[in-house]
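Below: a set of structures, written as C-alpha cells.
The two complexes that follow have chain A in common; it is paired with chain B in the first and with chain C in the second.
Coming up: the complex of A and B.
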C-alpha cells in the first residue's frame, strides 16, 4: 500500500515538473511583457515584474504593425478553416461511403502529398502566385493553406464518417430526405467530434505557419503574425519588453482556441487510434 | 454497393442508368474540389520543382536545360555534406530524446492520478506555440547577456555560458528546444494508443507474476508498436524538413553549425536566389523523405501480426 502511494506521489511530481517545463517559457514571456522598462535588462533577472505595467503591450498595440498582422492572421486563418473543412468533409464523405475505381489510389496519392516537404515547393508556389496575380494577397495564402490541410482532414474525417451508422442515413432517405440533405443535417452532425478536432489542427497550422506567408507576401498589409514577429526585430531593434508583449498577443488566440477545443482533439485522436 | 435495396426502391421512378449516374455524380462532385486544390497546390509544384532543378536559373529567370548539373554541383559541395550531417544529427538526437520522453509522459498520464486532465492540457501546451514564437522566447531565455536560463546555468556552472555561441553548443541547444516543441503530439498519440490496451491484459500479466517492466515489455510495447512507428515517421519528416525554428533562432549559425539541408534550401532559394540549385536540393530532401517513409512503412507492415 505504501509503495503504491509513493509511486503515485512520484508520478505527480514528474507530471508537475513536466507541466512547469511546458508552460515555463510562456510564463517568462508574460513576466517580461509586464515589466517596467527599467527591469527588462536587469541581471540577475527579476523573476516577477515589480510593479507590473501594461506599457509594453500598449506600445505594441499603438505604435507597431502588430494589430495589422493580427487582423491578417484572423482573416486568413478563418477563411482557410472554412474552405479546408468544406472541401475536406465532402471529399472524406465521398471516400468513406462510396466504392469507385481508383479509390485506394486516390487515398494513397493524398497521403503521398504529405510526404512532399513544404520547403521543396516554395519556389514553384511563389512562381504560381506571381503568374496568377495572387502574390501578396489573402486569396493566394488561403488557397495554399486550405490545400495543404485537405489531405490530413480527409484522412482524419474518413474514419469518423465510416463510424456513422449507414442505417441512420438510409432511414432518412426512406423518410424522403434527399441524399444531400441527409448528409448535411445528419451525417455531418454525427461526425462533429472529428470535424472539431480537424478544426483545431487547421487553426494551429495556419496561425503558426511562417514559410508560406514569408514566401507569398511582401507588404505589412498582407503578412501574417509569424513573419510579423520575425521582422519586428529588424524593424524596431530588439526591445525585449515589446517583443515579448507582441509574442504574448500572438500566442493568446491559439491558446484560447486550444483550451476550448482540446477535449475534441484528444477524442479525435483516440477514435483514430481505435481504428489503428 | 452504394445504396441498399430499400432507398433505391424508395426513390422509385429512376431508370437504372439514371440511378447509376446519380450515384456517381454525388461522390464526384464531393471529391472534385479536393482533387483540384491538391493538384494545383501540391502536385503541380512538385513537377515544376523537378523541372527547375534541371534548368539554369538566374534570379527568378529560368534559362537553358542543363541536365543534372545542379545535382552534380551539390554533390561536390562539401557544405552540402556538412548540412546533411547536421540534418541527421538533428533528427536522430531529437528522436532519441522525444520518444522516451513522450512515451513516459503518456504512461504517467494514463494512470489514475488527481488532476490528470489539467496536467494533460498543460503538458500539450507547447504544441500550440509556433516555431517562430518558440525560437523568440527561448532565444530570450538563453540570451547571453540577460537571459533567465543563462543566469540559472551560471548558478549551476559557476560561470556564465552563452550556449548559442559555439556551433556544437548551438546544435545541442537547438535539439533541446526542438524536443520541447515537438513532444506534445507524440504524447497524445501514445496516450490514445495506451487507452485502447484492454485492462484485462494487465490483470492477466500480474496474475502471471509479471513485474512492472515485464508487463510493459510484454503487454504495452506490442500494443503500441504501430503507433510508435507512425510517431517515428511523422517526427522524422518533421525534423528533416524543419526550417522556421532553426532559421529564426540561429539562422543556421554560428559557423553553419546548425545549418541543415532544409534551412539551406530556403537560403539558396530566397537569399541567394539560386532557385535551380535550391530546387535540386529540395528534390534530394524529398527523396530522403520518401526513402525514410518507405523503410518505416515496411517495418510497420512487417510488424503486423
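Coming up: the complex of A and C.
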C-alpha cells in the first residue's frame, strides 16, 4: 500500500516537474509582457509585475506592424490549410481505396519529400518564386506551405480512410449515391478525427514557420508573425517587454486551436499510429 | 450540387490567394533596404519616415519605398536578391560589412558622383571617405557614425566611492572593488554568438592601444603579437587576478553585456555610442548610465576610438542610379542629419554639429563630446569580407584564456593560424 502511494507521489512529482518545464517559460513570458519597463531587467528579478500593465501589449498593437503580420499569418495559414486538406483528403482516399501500379513507390516517394530538410531547398525556392513572379506574395507562400504539408497529410489520412469500412460506402452506392458524394457525405465525416489532427499539424507548421516566409517575402505587408517577432530584436538592443507581448499574441491562436481540437488530435494520432 | 459548391469554393480560394504582393513598381519607384523598421514609433523610425516622406513629396521625379529587414539578416538577403537580379536600388550597409558587399558585387562605385560634390562636402565626414574606399573606389557614404566608449553606471561607482578610471589598470582595480554578490565590475560579450561582435569590439581598441593591429596590409592576421598577448593577459587578469569580471562572460554576447548594465548586474563595459540611448530607456538605468573615452594602458591617453558607420550606397541591380543618388544626398542633408541626431544617431557630417542643438541640449552636447573623441582618437580599420571568421577566432582565443585552457600567446597563435589558413 505504502509502496503504491510512493509510486503515485513520484509520478505526480515527475508530471508536475514536466508541466513546470513546459509552462514555466510561457508564464515568464506573460509576466514579462505585463511588467512596467523599469522591472524588465531588474535584479533580483520580480516574479510578478508590480503593478501589472498592458503598456507593452498596447505598444505592439498600436505602434508596430504586428497587427499586419497577424492578419498575414491568418490569411496564409487559412489558405494553406484549405488547400492542403483539399488535396490531401482526395489523394489519401484514392491511395487508400485503389490499387494501381506504382502505388507503393508513390507512397515512399511522398514520404521521402518530407525528409528533405527545408533549409536545403530554400535557395531554389527563392529563385523559383522570383522567376515565377510569386516572390513577396501570399500566393507563393501558400503554394509552398501546401506542397510541404500535403505528403505528410496523405500519409496520415490514408490510415483513416482505410479504417472506414468499405461496406458503408458500398451500401451508399447501392442506395444511389455517387462515389464522390459517398466520399463527401460519409467517408470524410467518419475520418473527421484524422482530418482535424491533420489540420492542427498544418496550422502549427505554417503559423510557426520562419524560414520559408522569411525567404519568400520582403515587405511588411506580406510577412508572417514569426518574422515580425524579429523586429523587436534590433541593432539597438532587445525590447523584451514588447517581444514577450508579441510572442503571447502570436501564441494565442495556436493555443486556442489546440485546446478546441486536442481531443481529436490525440484520437487522430493514436489511430494513425496503429492504422498506418 | 455539392460538387459545384466545392468547386466554387476552390475557385474563390484561388481568387483569395491574392495576387503578387510585389508592388508593380512604377519606373520611378526606388526600393530602399535598411535594417531600420519603417513602421512603429521608435524615434529612428519616425526620423526615417520623415526623411522618406519629404523626399517623396519633392519634385525629384523619384519615389522611395522602404523595405525593412532585420539587421542580422539584411546582408545575406541583399546578396541573394542581387544574384537573382532583385537587389535594391538603395541599400544600407554597415562599414564592417562593406568589403563583403564589394566582393559579392552587390553595390556599385560612387566615384563619379562623389567627384561632383564640392571638396568641402567631401571632407565633411566624421568618418573620412578614405575608409569607404575599396580597390580605389568610394563605395558608400556614411549617414551616421558611432564610436566605442567606456560605459559605466555612475550610481554603482558613486556607491563604491570610485572615480571614472583613467587607465586600464585603474579600471581593473575598480572592477575588482565593484564586484560583489551578483554584480560584476566589468562585463564584456566574449561568446562567439552574434558573430563574436562583443569580443572583437572590446579586443580591437585595446589591441590598438597596446600598439598592435588585427591584420597586415595583405589581410593576414597579426593580432598574435606582443600587443595581442598583452591584451589577452589583461583580460585574464581582470578575471583571475583582480576578480573584476566573471568567467561566465564566455557565454555572454554584446546584448547580454548591455542587459547586465541596464539591470545593474554589471558596472562597466565597452559599448557603442549608438546603443546608449536605448540602454537608458529603462526606469532602472536612466541617467545613471554615463560614458567616457576607453582608458588606455598608460595614463593621459585614451585608447584609439573604434569607429564605424551605417552607410548608404547604390545597389548593383538598380536602373535608377540618379534617383538613388538624389535620395542619398537628401538623406545626408543638414535637416536629415538633425532629424536623426534628435533620434540619438550621431551625425556623420562634421558641419551638422554646428547646429544649436549640439550646444544647448544634453543629448546634443554628449554627441558632440563623442564626435570630439572620434575626431581626435578615431580609427576605422577596414574589416575583411570574412569578418565573421576573424571575430569568431578572436572570441575563441579570449574564451580559452579566460577559462585557463590556453595561455594568451598560444590562444592567439591558434586563432591567427586558423584565420590565415583560409585567407
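Heads up, the rule we're going with is that the second predicted complex is superposed on the first by the 272 of 276 C-alpha atoms of A that agree within 3 Å, B and C clash if a C-alpha of one lies under 4 Å from a C-alpha of the other, contacts with A are read in each partner's own complex, and residues count from 1 in each chain.
By our rule, contacts are C-beta pairs under 8 Å (C-beta built on N, C-alpha and C of every residue); 3 or more make two chains touch, one makes a residue touch a chain.
Remember, predicted model here, so these are calculated numbers, not experimental data.
S.K.: With the two complexes overlaid on their shared chain, look at chain A and say whether chain B and chain C clash or fit.
M.R.: Pair status: clash.
S.K.: Taking the superposition on A as described, I'd like to know which of chain B and chain C A:22 touches: first, second, both or neither.
M.R.: A:22: touches chain B, not chain C.
S.K.: For A:82, using the defined touch cut-off, is the partner it touches chain B, chain C, both, or neither? Pick first, second, both or neither.
M.R.: After superposition on chain A, A:82 lies in contact with chain C alone.
S.K.: After the superposition on A, what does A:142 contact: first (chain B), second (chain C), both or neither?
M.R.: Touch status of A:142: second partner only.
S.K.: With both structures placed on chain A, which of the two partners, chain B or chain C, ends up touching more residues of chain A?
M.R.: The partner with more contacted residues on chain A is B.
S.K.: Looking at A:99, would you say it contacts chain B, chain C, both, or neither? Reply first, second, both or neither.
M.R.: After superposition on chain A, A:99 lies in contact with chain B alone.
S.K.: Considering only touches as defined above, state whether A:43 meets chain B (first), chain C (second), both or neither.
M.R.: both
S.K.: A:230 contacts which: chain B (first), chain C (second), both, neither?
M.R.: Both chain B and chain C are touched by A:230.
S.K.: Scan A:123 for contacts with chain B and chain C and give back first, second, both or neither.
M.R.: Touch partners of A:123: chain B and chain C.
S.K.: Touch test for A:207: chain B only (first), chain C only (second), both, or neither?
M.R.: After superposing on A, A:207 lies in contact with chain B but is clear of chain C.
S.K.: Pick one for A:113: touches chain B only (first), chain C only (second), both, or neither.
M.R.: The first partner, chain B, only.
S.K.: Which residues would you name on chain A as touching chain B in one complex and chain C in the other?
M.R.: Common to the two interfaces on chain A: residues 40-44, 86, 123, 127, 130, 180, 214, 227, 230.
S.K.: Provide the residue numbers of chain B that touch chain A in the complex, in ascending order.
M.R.: Going by the criterion above, the answer is residues 1-4, 6-7, 10-11, 23-24, 26-31, 33-35, 37-38, 40-46, 48-49, 52, 60, 104-105, 108-109, 111, 113-115, 119-134, 136-138, 140-141, 143, 145-148, 151, 180, 184, 188-189, 191-193, 195-196, 226-227, 237, 240-241, 243-244, 248, 262, 265-266, 269-270, 275, 278-279, 282-283, 285-286, 289-290, 293.
S.K.: What residues of chain A sit close enough to touch chain B in their complex?
M.R.: Residues of chain A touching chain B: 8, 11-12, 14-16, 18-19, 21-23, 25-26, 28-29, 32, 40-45, 47, 86-88, 90-91, 93-95, 97-100, 106, 110, 113, 115-125, 127-128, 130, 143-144, 146-148, 150-151, 154, 166, 170, 173-174, 176, 179-180, 204, 207-211, 214-215, 226-227, 229-230, 240, 243-244, 247, 250-251, 254-255, 257-259, 262, 265-266, 269-270, 272-274, 276.
S.K.: Contact residues on chain A for chain C in the complex?
M.R.: For this pair, the touching residues of chain A are 36-44, 59, 63-65, 68, 75, 79, 82-83, 86, 123, 126-127, 130, 133-140, 142, 180-181, 184-185, 214, 217-222, 227, 230-231, 233-238.
S.K.: List the residues on chain C that touch chain A in their complex, please.
M.R.: 2-3, 6, 10, 13, 16-23, 33, 35, 37-41, 44, 67-73, 77, 80-81, 84-86, 182, 255, 258-259, 262-265, 274-275, 277-279, 281-284
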